[in-house]
Each structure stands twice: as C-alpha cells, then as structure tokens.
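The following pair of complexes shares a single chain, chain A, combined with chain B in the former and chain C in the latter.
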Partner chain A sequence: MTKLYIHPLQVRIWHWINAICVLALVLTGLQIRYVGLFDIMSLQLAITVHNWIGFILLGNFFIWLSFYLFSDKIKIYHPELNPKKFYRESFGQAGYYGWGIYRGAKNPHHMTPYNKFNALQKSLYQIIMLLVIPVQIITGILLWDVERFSGIVGLLGGVRVVDTVHVLILIFFSGFLFIHVYLATLGHTATAHIKAMFTGYEEIEEEDPKDSKEDKHDDKVIRMSTSESPSPLQIH
Partner chain B sequence: MIIFNRKDKTKAGLLGTHLCKPVIIFLLVVFSFSVNTPAALGNIPDDSPSAEDERCLLCHSFERLSTTLANGEKLSLQVQEEVLAKSVHYSIGCASCHREIDLNAHMLSTNKKIYANKRERSVALSNICHECHEDKSSQYEGSIHASLVESGNLAAPVCTDCHGSHTVKPKAAYETLAGIPCKTCHENIFNVYLKSMHGQARSKLGHVGAPICSNCHRAHDVNVASVEDRLKEACVGCHEDVKHVHKKWLPNAGLHLQAVSCAACHAPAAQRRVDLLLFDSVAQRPVSENEISLRLGGLPGPEESSKDGLDAKELWNLIRTINRDGSEAEVILRGRMEVTTGEQAHQIAWKDKAIRDCESCHRDGAEPFRNVTVSLIRADGKRVSYGAEKEVLSSALSLDSAGGFYALGGTRIELLDILLLLTAVGGASVPIVHLTIRKLLRKDKSK
Partner chain C sequence: MQALAKVLVVDDDAVVGQSFDRVLSKKGYSVSTAMNGQEALSQFAGGKHDVVFTDIKMPGMNGIEVAQRIKAKSPWTPVVVVTGYGTPDNEAAAAAVGVADFLRKPLLPSAIEEVMERITKKPIIEEKVSEIAEEAREITEDASKSMGVGRTLKNIGLFFAAPFIGLAYFIAFPFIGLGMLVWYGIQALTGRSGSER
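Let's look at the complex of A and B:
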C-alpha cells in the first residue's frame, strides 16, 4: 500500500461543507414539498433554513470553482477527448462495478492526484458541478425571491416551471446520495475512501509494473509505503 | 336667464295628469299672480326659492300630482319644498336640470314625452347630471354600474338612484354609515361589512378613517374590487406598510401579496378558491369575453352549467387554441387565491385573527386548491367563472397551461412525486442489491 495525496485541503473543506449542505437541502426541501406528510419542522422554519443553507452552498461552490480555476488540478475534470478511449474506459469501469467486482477483479482505474476520477466519475462530476449544481443554485435563487426575479422567471415559463426544474434536481440528488455513499465504501476497506476525504491521502495498492502506464504527473508524486514516514509529500 | 329647450317637445301636458281641470284653472290663476310676487321682483332671502321655482312648486308641491307612464306605472310629480331646500341643488333652480320644460307651454302641452317606465325616465334624466358633473360622470361611465345599465340591467343604478332626484345632499352625507346609498341594493354585503373589523371600527369605535364602501370600490367608477389589482390597491391605499410588515415573517412576501387576495387570509372564516384568470401577457390586461369568444367561436356556459368543470387536458387545449397561430396576444392563466363570494370578501377580521399558519395552504389537499375556477372579464367589468377540476393544478400539463401559478405543497405535480419515490427507492436499492450480490458471491467463493 502506498499513500497518495489526492484530496487537497480546499477540496476536502469544500466536499464536506457541500455534503452537509446538500443533505440538509434535500431534507428541508422534502419538508417544504411534503408539508403534512411529515412534520419535522414548520414550513416557515424549513424555508428559512433551506434559504440560508442554499446561500452557504452558493458560496461554497465558488470556493470549489476558484480552487480549480487557479490550480492545475482542474485536469481531473478534463473530458476525455478520444471517444474510443472514453467508451473503452467507461464500459470497463461499468463492467467492473456490474460484474468484475463480484469476481474479485481489480478496479481498472488507477487513482493519481491528476487522474482522480474514473471515466464514469469524471463524466458524472462534470455534469454535476458544471450543470446540475449551477442550475439548482440559479433556480433556488429565483425561487427565493420570485417577485424580485419575476422577469427571468416569466421568461423561463413561470414559477411552476422553475420549481419543477428545482424539484427534478432534488429528485436526482435523492437517488444519487445513496449511490455516492455506497461507492465511497468500495475502497480496499469500506472506510478507506471516506477516511481519505478527511486526511487527503488515499491508500493505493501497489501496481503491477506492467500496468503502470499512468500519466506523467505520477512521476512527480513521491509514493510512500505505509510503513514509511507518516508525512508524505507531494511535488507539483 | 333661464333657457327653455323647445327641442324636446313632450307629448302630454299637465292635462294628462290626475289633477282635475278646475284645479288646473285655479293654478293658472294663482300662477299669473305669482309672477308679480316679491320673490319675482328679487326681494327674496337667499334660502327662498326663486320666482321661477315658485312657479314650479305651485303645482309640484301638491301631493296628488302625478302622471301615468306608458307601462301604467304611476309616477308622483310632487316635489316637497322642505326636502328640496335641504338639497345642495336648491340654489340652482328647477330649470337648471329640467331644461326641456317650456314653462309657457308646460301645462297645456299635449305632446309631452311619455316614458315607457320609471327606469327609462331615470336613465334619461340622469344624463342632465353629466352636463355639470363631467368629471364624476366620466368616472361613472367606466364603472360596473354604467356597464350594467348599458346591458339593460334594470337594477343597476344611475345618478338619481344613489343621490335622489330632489334630495341631493352634500358629499359628506354619503360618507357616513347612515348615508351610504350602496346598502339599498347591497344590503347583505353591507350587513357583513358592519360586522367586519372595518365596520366595527367605524360604527363602534368611532374611527372615521375606517373604510366604507367607496374607499375600496370608489364612489363613481365603482368596480368589482377583485378585478385586476384594484382590491390590493384599495387595501394598500390605507395599509401602506403592508409589504414591510409581511416581509418580517412571510417568505416571498411580494409574491404572496400578488397571488393571494388580502381577504383570503384576513377573512379567516371565508371559503377560499384559486381563480385562474385568462390574462394577455403582452397587453398586460385580462382577456375580455368577446376576445375569447371570437377566437374560440363561442363560449361554453358559466360554471353553473358545467357538471365537472374543465379537466387538465381541456384547459391545456383551451390555452393552446386561444394562442394558436396568428394571434398577437399571448394568453396565459394568472392564478390568484381568492375568497369564494363577495360577501365573504367583506368578512375582514381583526389582525390577530388573520391566517398566519402557512400549512393551511401549503399542504396537499388544502381547501383553496380543491376549488378551482377559470375566469375572464366580461365587457361590463364583471368576472365570469368556469369551474375546473382540481387536477388542473397538479397535472403535468399545468406546466404549460398554468406555469405562472404554483403554491408549494398545495399544487405540486403528482408525476414528480412518483418520480421522486421511484428515484429514492431505486437509489436505496442499488447499494442493497449490489452489496447482497457481493456477499453472496463471496460466500460461494469461500466454499
């Protein structure tokens, strides 16, 4: 096992704030939508909490955006432009989750600081961070003060249309959160990826030398055995 | 100089009245003397009738003076001087209003106009008011009362119905609870108003600033307060800080003030409904009945004649048909929560009784969303409502037909609820199924 510094501090802070915000937004969102079906809190309180957390998520989004805009780590989100490679890697990863994992196969994706996401994660997080979250933030702001933004709301088809888009994304997250948490347990131990999201270090199994054809950035990373120094370094 | 208009020659003279001939001859004699009275010479106090008016009153003070209209109605022609003396019109004299009368030929004329009925006469004589009160008259022309008169409604008031003919009082007299003429026709609503906090504040607590009918509905350009934004304007006219006060506790206060009528919360005993008004989003005004009728080639009967009301697809089709190619206007449905009847709209309670419980509306099956109407404005300014099924607010088609109206919880689209359930169950199932298969296969492997 080697430890790789995969998750920089800013990303970890963003991730956990985002996780708490999304969870709270989903729960308060469900309370707002289903008043009477369950009453954890009053509608008025749910709306107030939902609005405040929404603005925290908005600020947090800009932490994420500014970090990646001013860091070469943005490469982790770069799309795979080679369609052949894209489909091969995507199907390979889907095959691993859908079949290989049952047979004890190794994860075809080898994590490095500049290649953090597997092909499926990369596509999904591109969509989530550049489309889903921004759309949810924008529709949320419009719904926060419909009168103030009545012109834009009208252009988009009315408050019902804006709300429906907002709810569709809530629906997406209500399913995504289960799968996201489950996939986080598929490390070499059930808590490995989760711990890494606190420490920043992912424990990576030693690679077979013949499979070690990762990108050039790997060469810049000092790989450290778990038995070695507890303070691994990363060279950019 | 009094001008006597000879254009409107009447068809029957005083001879046609119920006074017998000897009386008339007697009056003529008296009349001939009366022109030489001190009053006629100008030596009269200011509060005495002019010589000309005295000539009129000579006959018209008789209680039995009357005429028969074409429909057989008996019309009293008596004018009580003591009543006339209290009128603000006393000083202007009879001939100022009764210009068509030629005093010289009045009693003997045989071609006086015979009105079909009292109503026709009131409408005709009211036109005289317009000549002096042009501003009030033009306001009246735009009122629902004028529209109803034009449409032939016999109960709709003209000037004299509210102000009287010879009893016109100063403006202040109509601004008291005792002097309000509206209660003559709108007695039920007036009684509800008296019990409301506005009525109580005025009648029992003596707050002269508390509104009476004309403060909300206006005195001459009377209209249905719920049409367009007039009711809101009426309330906000006095309660200027309404937005600020609501913003303190009500999320999206501005939207609530737009989409919820004041009475919907401030008349807690009232039954509420959602009204979807056909609205021209380009011209920014409600669509008239005529416009819709032209585009649809006719209209269905009002809600009373509809058994189940419009369903979601019918409403969607209606909007699409109205907005089909070639129409400049873009008709949308502008939703608003209102109380069901005019009487309920006047049941305004004290502030501490107003509905503040958000859940009373924002929950599935809330009362206002079970009563849905689709409405348009008639030429006379009145609203015509058609019943609609409550599903018009929860169907997926409402995204297109009623995109501008949405109430959290209360009008949510059912299809999204199903989708949410499937997604959440599906999302939770993936880990369970995946983990189960992994464990089962691991056991197989270990064997």
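Let's look at the complex of A and C:
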C-alpha cells in the first residue's frame, strides 16, 4: 500500500460542512415539501433551519469555488475533451461497478492528486458542482423570498416551475446521498475512503510499473510505503 | 556602475583634488585624493580605484611615471593625465604609457564629467549586448506573463464548460452504449460465421 495526499485540508473542511448541510437540507426539505411524511421538528422551525442552512451551504459553495479557481487543482474538474477516451473509461468503470467488483477485479481507475475522480465520477461531479448545486441555490433563494424575486420567478415560469425544479433536485440529492455513501465504502476496506476524507491520504495499492503509465507526468508526488514512518507526505 | 566608481585624483595642488571631488561626488563617484606619486601608488594598491586622474608636474615622482606604474600593475584601469604643461613631448610620453586621455588645465567641470562619462562607459558592443539581453528578458517576462494569464483563463474556461460537456456525454451515454452493443454483436456474429467457414 502507498499513501497519496489526495484531499487538501480546504476540500476536506468544505466536504464535511457540505455533507452536514446537504443532509440537513434534504431532511428539512422533505419535511417542508411532503408535510406529514415525517416530523423532525415543527414546520416553521424546519423552514427557518432550511433557510439558514441554505445560506451556509451557499457560503461553503463559494469557498469550494474559490479554492478550485485559484489553485492548480482546478484540473480535477476539467472535462475530458476526447469522447473516445471518455466512453472507453466510463464503460470500463461502469463494467467494474456492475460486474468486475463482484468478481474481485481491480478498479480500472488509478487515483492521483490531479486525477482523483474516475471518468464517471468526474462528469457527475462536474455536473453536480457547477450546474445542479448552482441551480438549486438560485431556486432556493427565489423560493426563500418569492415576493422580493417575483419578477425573476415570473420570468422563469412561475413559482410552480421554480419549486418543481428545486424539489426534483432535492429528490436527486436524496438518492445521490445513498449512492455516494455506498461508493465511499468501495475502497480496499469499507472505511478507507471515509478515513481518507478526514486525513487527506488515500491508501493506494502498489501498481505494476508497466500498468501505471497514465498521468504519471502530471502528478509530481512523493510516494511512501505505509510500512515506513508515518510522517505526512508532501506534494510538490 | 557609475555610482560605485572610485576615482583617485593625484595632484600636488590640493585645490585641484577638491575641485574634482566637488564635481564628481555630485555625480555619485567616490573620490579620493593624493598629493604625490608615492601616496597615489600606496592608495591605489589598497583602494581598487576604477579611474585615476594625475597631474604631470609633481615633486618626486611625476605623473607619467605614476601612470606607467599604475598601468603596469593594473592595465585595465583608465589613467587620465591632467596638466598645465601640455607639451607635445609630454603628450607623446603619456600616449606611450597608454593613458586614456590627456587634458589641459584649466578644466571646466563639464570637461571632467564628459571624460568620466566616456571612460567609464562600457564599450559599445558590450552596451549593445546588455541592451539586447535586457530587451530579451523583458520580452520573455511579458511572454511568460501573458502565457500564465492565458493558461489561467483556459483553466477557468474549461472548468465552467465542464458540466455542459459532461451533460452532453451523459445524454449520449445510452445511445453510445447501445451502439457499442450492436457493434460487438455484429463483430461476434461475423467472427463466428467466419470461423464456421
């Protein structure tokens, strides 16, 4: 096993704040939208909590955005411009998730600090972080004070349209949370990826040098065997 | 370079030394004076002067001999002879020693400045090389700055384009998947019929 510093501190802080906020927003959102489904708190309190946490998530989103815009890690969210490569890797990854993993196959994706997502994750997170969350934030702000933003709400087709979009994304996130947690348990141990999101270090299986030619030139990292001293690794 | 140049003025008349000091200090030169040849040589030995101005007629060692000894010790140091007795013989003797210039008293401050400027100036070729190197450095700096800005803009552009490209890939995903299945099916069928034959 080799340890690689994959998750910088800013990303980890953002991730866990985001996790708590999304969970709270999903729960309060479901209570607000589907009255009577469950009652964690009073409806009025659920609305207040939902609004406040929404603004915390908004601020947290800008922390995430600023980090990636002003660091070279922005490459993590760059699109794959070669469709052939994208589909080859995506189908390979889908095959691994759907079939290979149950037969003990190795994950076809080799994680590096500048290529931490596999092809499917990469596209999905690009869409979620730069499209779905911004849309959810905008619709959330519009619904927070419909009267104040009545002009924009009208332009978008009315409250019903804005609310439907907001709720559809809520449903998407409700499902995504389960998928996300499930995929997080697919490391070499069930808690390996979760632990990495606290420490920043992912434990990577040693690769056969002839199999690991991909992206080597992009990631100037110092690798260290876990059997050596546990001092932090450096990225240069 | 000019600000750090050290000048040694050798003249038995202290007023001459003071005049050089007044004129050249204003220009940023560091001026030291000697009243005779012996003092000049000992100052020069310990002072690492860049330019020497010397009078000819002095008690003891004359200016030509001072120039000769300095040039023997440090051939690259420019020595300027300054004299009120500018005879052709003196001028020829000074030229034989290899002085940088031969000036006649009385001297105007502008003449001293002009000589200093000329002899401390780098050779034209060296100056040109420096100018070209400076220009090249500026061009390189500008280019790397604009490349850096270009790279940053490209990174940000790709970052914001990513979800739309990803979305297009996902929309096409099932069609590409079906297409691939059909393709593999055809490949398998043609392969099997080929092997049957």
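Convention: the second predicted complex is superposed on the first by the 231 of 236 C-alpha atoms of A that agree within 3 Å, B and C clash if a C-alpha of one lies under 4 Å from a C-alpha of the other, contacts with A are read in each partner's own complex, and residues count from 1 in each chain.
Note that a contact is a pair of C-beta atoms (placed from the backbone, for glycine too) under 8 Å apart; a residue touches a chain by one contact, two chains touch by 3 or more.
Predicted model only: the values in this text are computed from it and were never measured.
A.B. asks: Taking the superposition as given, does A:124 touch the first partner, chain B, the second, chain C, both, or neither?
C.D. replies: After superposing on A, A:124 lies in contact with chain C but is clear of chain B.
A.B. asks: Given the touch rule stated above, what does A:190 touch, chain B (first), chain C (second), both, or neither?
C.D. replies: After superposition on chain A, A:190 lies in contact with neither partner.
A.B. asks: Give one of first, second, both or neither to describe whether A:91 is in contact with chain B, with chain C, with both, or with none.
C.D. replies: Only chain C; A:91 stays clear of chain B.
A.B. asks: Report the partner of chain A that touches more of its residues: chain B or chain C.
C.D. replies: Counted on chain A, the partner with more touching residues turns out to be B.
A.B. asks: Return first, second, both or neither, reflecting whether A:157 touches chain B, chain C, both chains, or no partner chain.
C.D. replies: first
A.B. asks: With the two complexes superposed on chain A, say which partner A:83 touches: chain B (first), chain C (second), both, or neither.
C.D. replies: After superposing on A, A:83 lies in contact with chain C but is clear of chain B.
A.B. asks: Taking the superposition as given, does A:105 touch the first partner, chain B, the second, chain C, both, or neither?
C.D. replies: A:105 contacts neither chain B nor chain C.
A.B. asks: With the two complexes superposed on chain A, say which partner A:147 touches: chain B (first), chain C (second), both, or neither.
C.D. replies: first
A.B. asks: Which partner chains sit in contact with A:23 here, chain B, chain C, both or neither? Use first/second/both/neither.
C.D. replies: Touch status of A:23: no partner.
A.B. asks: Based on the A-chain superposition described above, do chain B and chain C contact any of the same residues on chain A, and if so which?
C.D. replies: After superposing on chain A, no chain A residue contacts both chain B and chain C.
A.B. asks: Help me check something: in the complex, which residues belonging to chain C touch chain A?
C.D. replies: For this pair, the touching residues of chain C are 155-156, 158-167, 169-170, 173, 176-177, 180.
A.B. asks: For the complex, which residues does chain B have touching chain A?
C.D. replies: 249, 251-252, 254-255, 258, 281, 332, 358-359, 362-364, 398-399, 402-406, 408-409, 411-413, 416, 419-420, 423-424, 426-428, 430-431, 434-435, 437-438, 441, 445
A.B. asks: Under the touch definition given earlier, write down the residues of chain A that touch chain B in their complex.
C.D. replies: Touch residues, chain A against chain B: 32-37, 42-44, 47-48, 51, 97, 101-104, 144-148, 154, 157-161, 163-164, 167-168, 170-172, 174-179, 181-182.
A.B. asks: Considering the complex alone, what residue numbers of chain A touch chain C?
C.D. replies: Touching chain C from chain A are residues 68-69, 74-75, 77-81, 83, 86-87, 90-91, 122-124, 126-127, 129-131.
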